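Two complexes come next, and they have one chain in common, subunit A, joined by subunit B in the first and subunit C in the second.
Then we have the complex of A and B:
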């Protein structure tokens, strides 16, 4: 898609405001749109079959009503919101969905979706929980099953060459995202956290090739910037699961703070690791999705050889990359944000705080209920953090 | 003990008619913690474990298995959980996380303060300090995230064992079951490798390949549960929950446990023969319990029993019919073990339904990803008038599917549900007074749907 509005960032804002517009256009042109949840569905396989992946998000502005019939209130409000939109027909343009064992509720949502929403195609990938070699082999087998169902659905054959081409296309996007994040390293950064999130949400809403074109324009535009982003005292890293609305980051950046780095699944987490090009492309995919995605839903082994290395080694193995981010992006504070009832991230909190304290990084934990109304009281706490840093 | 010397007949003093055999069984299971402490005193390895791990491997390696999630139920039912929950919260773990796990985290934090000693006044004598932690990916993420988090307090290795849980449609794909079996064989063998290196000793493969004793235990427990289909139901959920741990966790000596479960079977069978119910009141309503029990408020079920509610079935922990195929031709003991403990979805459907209905169910699953009649089967088999759904603030895995289940049993069999929110461990989240009011009102609903089922030609 050519940049119709003239500049990349304007186009980004357009897509952010009306996410589904482009895929609806593509559907009208005869394309098949596949919705997916979280970062574990293997998009390369969809793209290789000329399917258009579309990331499913919730809507913080929409009161959850219809999902109440299927999901109790004491489960993840983000996933409840996604289901709510599905039941209300806001994902009616999807021809199929791919979900994975991302967390307890995410796994069950896949099955509830089949009952409550129903799409012509649906597949669930039971991603293993450990990153041992045999778990990767297991995931490869599960991807072969996924491939089989996609081939039946599309009536097309997924060739290794086609899959490699798709992997390269997605890897290009990942490289460009990393380039974009590099522009956040200067002080002040060339692009704010709010703008970055808008870019990330936009590229999750359009075909990968169009996303690559958009990223190219955005990067070039941002590089030409002067002092558009003001210098702030706090250079923050935000950690946690999905952030699909700019409200939280805007609130943080309304203070004396800029979000210069993140480890969230709409942000860097899904883009900082490439798929290695292997003889059998499924090997590379299984490796990347199980080993390289640093989501707490995967248990990382540190003692399979029977040697116990202790808590400090465990913290380093699990969170060391965050220490690297802190150094490279000159981060001086961290916000651990988790929507209520997100257990896989919730369990990490005391340990991640231990790690941040070890590397002397001031931090706070914010728990919220995926609503904009709940953000106001959190502002005071972020203010407190900026004052500690400031 | 035989059926002849079991004291029969209702005891009018209590609404619930408890099984005498349950007390002996319960006492044996509670000794698991004593066994752990003795093992520690003797210098033997102790593993804190999660459900669905291959316990016989630990037994074969001389490791004493202790189950913190079961310990959570003991702390909750004895009123001793609060200090551990508060400690976990003070440590920074969010209060909505699994009650069993927060109980264990608080316990471990206290234990760390005491240099590995059992916290003073710990219910049941407390859990001994572990040598290693063995978690699983079964049913919920807490089963591995909890043990990972314990690393903060326990300087011991953590090993997580995979427990695949594919969707029903994906499970019916050609070759899916065989691939899962081969994966688990490799997975368990890697666990053996790990243990051999960690413990510096070799595995006794004769033990793991011997599946007969476990099968006997599983069979007698399943047969006991099947007896609960009759009217009046001879065994209330209270007795089921009190006695399930032995069969569920497979901790302890399987032969000794089989003897105790056989005694229970005989007592329940005797009740069936003499039409004695699991409650000392007329059985007015037969219910299934969906979710995990509010362990801290089990006396609530006495009040319901007093109103003629008999809990005849529970979806959680309900035993499945043991695998009944000849495995003697399989030379690999680990593969024998895996096949004895993991059935294919297709074989379960073929086993539990008549051929015509089984074909419909498989077709439904392949086409739409689910089958409501498959999900609702036990409600029909146990002739339930209602379902008690227990959404829990601290358990996502069992709470998330509850409302779907509610719809499915209503759609297929016109069985209504009562929803009462609460928690497994946290007493403060359950309101028994309000619950009883709702239960009283629910009786009219159950009466109404009894008539609806009659009109629709359903058999109960």
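Then we have the complex of A and C:
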């Protein structure tokens, strides 16, 4: 028998290379596979109904062609790529899709998908964009609505007990991801940014329980490591939306830099906040997805009482958690990476740069084209940052 | 007393520049040559010329830093440093009070925030050619002018025509249409310069402009763009005598600092073999 302690990262790389293999096997066994976009579809509800969530990504190597019939070319290239792959049949194995009002393009994509691709089940969650009490109540209603459509689709009833069990399972995964990220605190970190992203992409591609088993193996394997990850001068925090391919992180780590922390939606962002276990599980879910998920798609203020406390307080309310990350992971530089036309993240950049300046963290803004070929010119910028850090 | 020398090799998209400086930071040799497709691999020839000018051999050079877009193609370099860091150092040598440097080259433009001679932040243009020297290179023939003539021509303008498009290709169409409308040549050129300057100034504003501002790169030789840039930034701008050389000069000076730091610490200086030969590319290696 192969020693389990040495196979976790190998399995991770296998899944990374062939993401859809496992869900296709499960489908052949009779399971129902539900694709989802971004981190706002409430996976706990899918898992509780024995549906297998599968995170939808684009493909940086595939030229976008078919999607141009439906989306203008000056919108998010990641979402255009997802639609393009859908039209080209790459997601034909999905039994359904769940999308949310992540951004305007993401919202429209949900409707365009129904026209251009079509899957047996589809649902759109119109998640509110502020973190006020009234929004939370609205999200709870929207989740009830989501639940009803899922119950009709599956012919099963979603019980509060079943949902709580699923929440615990997902919270377990979140705790394990945080444990994995703790292994990035030493210098050098025990696991590189490239490997971390592969792990994160892998667990976004398989059922949560299998993901938890995989994480357990990876964590014990990484803990036993010696000097597998080289020591570099720059310990970077990477911020931004989805990174679904290791190319960008590999480019960064080919220089005198290691990505020790991230705030990206395939990385830490979706795993650093648990769902509180409330009497009505929907209360805990609505709270977590609206209040706790720190994505720029939700408008956050330093107050909700109408009193303006000034720019510094606003920056602290919006980005204070990044300052905490910088301290805890001993970060000495940040990269604000944004695929071109990602408005929701782009809007944050001037203020986030101000915040980083306030905490004296050198940083650069990298806008890219969601294409591997276009990454090379960005290398000079990253090298420039490493030279500033020294 | 034995003098020691340091070389900076800056391979830009259009021009290759070499500066050799001595330990007293005096420039003993400087060469500017076209990069071109074939020249990119021939940094050694430009270096040979610079050595010849100074009456030196490669063995006299203590340290070589390569910078610029083609910095990886310099087999005799000891270290590669980005043009961002090298420009910041070179510009500081020209003007110690510099807080912002704007460099408009053949392929891109960049703004550097500098504090005490050190780079602290930067922005670079990306793939569009509109804010670069290429914009002028493409448009000059359309106007029947050489690039070198643009600056002086624009200074004769009585007003500047508004060029609405900041895309090089559409800019050319716009210029043709303006010529057909009978707009005076010098007013069109002034409009073009303003289009570049306003684009680069808005990029630089992201760094929060503080004086002194230094303008470098090939386009800094164009007095029309320099004037428009000063107007757009709302402050005086300073231009070195040879604005093309700040990257290579900075590289040479950073080389000196690298060597001095190592000597102070009693550490050996990590050097390459200084083989003055053509660059070999990966696809040529068996």
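By our rule, the second predicted complex is superposed on the first by the 383 of 390 C-alpha atoms of A that agree within 3 Å, B and C clash if a C-alpha of one lies under 4 Å from a C-alpha of the other, contacts with A are read in each partner's own complex, and residues count from 1 in each chain.
The rule we apply is simple: contacts are C-beta pairs under 8 Å (C-beta built on N, C-alpha and C of every residue); 3 or more make two chains touch, one makes a residue touch a chain.
In this text the structure is predicted, and so the values were computed from the model without any measurement.
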Contacts of A:351 with subunit B and subunit C, given as first, second, both or neither: first
Per-residue contact with subunit A, leading partner among subunit C and subunit B: B
Partner chain in contact with A:367 - subunit B first, subunit C second, else both or neither: both
Contacts of A:381 with subunit B and subunit C, given as first, second, both or neither: second
Partner chain(s) touched by A:126 [first = subunit B, second = subunit C, both, neither]: first
Intersection of subunit A interface sets (partners subunit B, subunit C): 350, 365, 367
Sites on subunit A touched by subunit B in the complex: 69-72, 74-76, 101, 103-105, 107-112, 114-116, 118, 122-124, 126, 128-130, 132, 134-135, 137-138, 141-142, 145, 148-149, 296-297, 299, 301, 303-308, 310-311, 314, 338, 340-341, 343-344, 346-351, 353-354, 365, 367
Interface residues, subunit A side, partner subunit C - complex: 350, 362-365, 367, 374, 377, 380-381, 383-384, 387-388
Subunit B to subunit A touching residues, read off their complex: 91-94, 96-98, 101, 135, 137, 140-142, 144-146, 148-149, 151-152, 155-160, 162, 164-170, 173, 176, 179, 183, 186-187, 190, 194-198, 368-370, 372, 391-393, 396-397, 399-404, 407, 421
Residues on subunit C engaged by subunit A in the complex (per definition of touch): 69, 81-85, 118-124, 126-127, 206
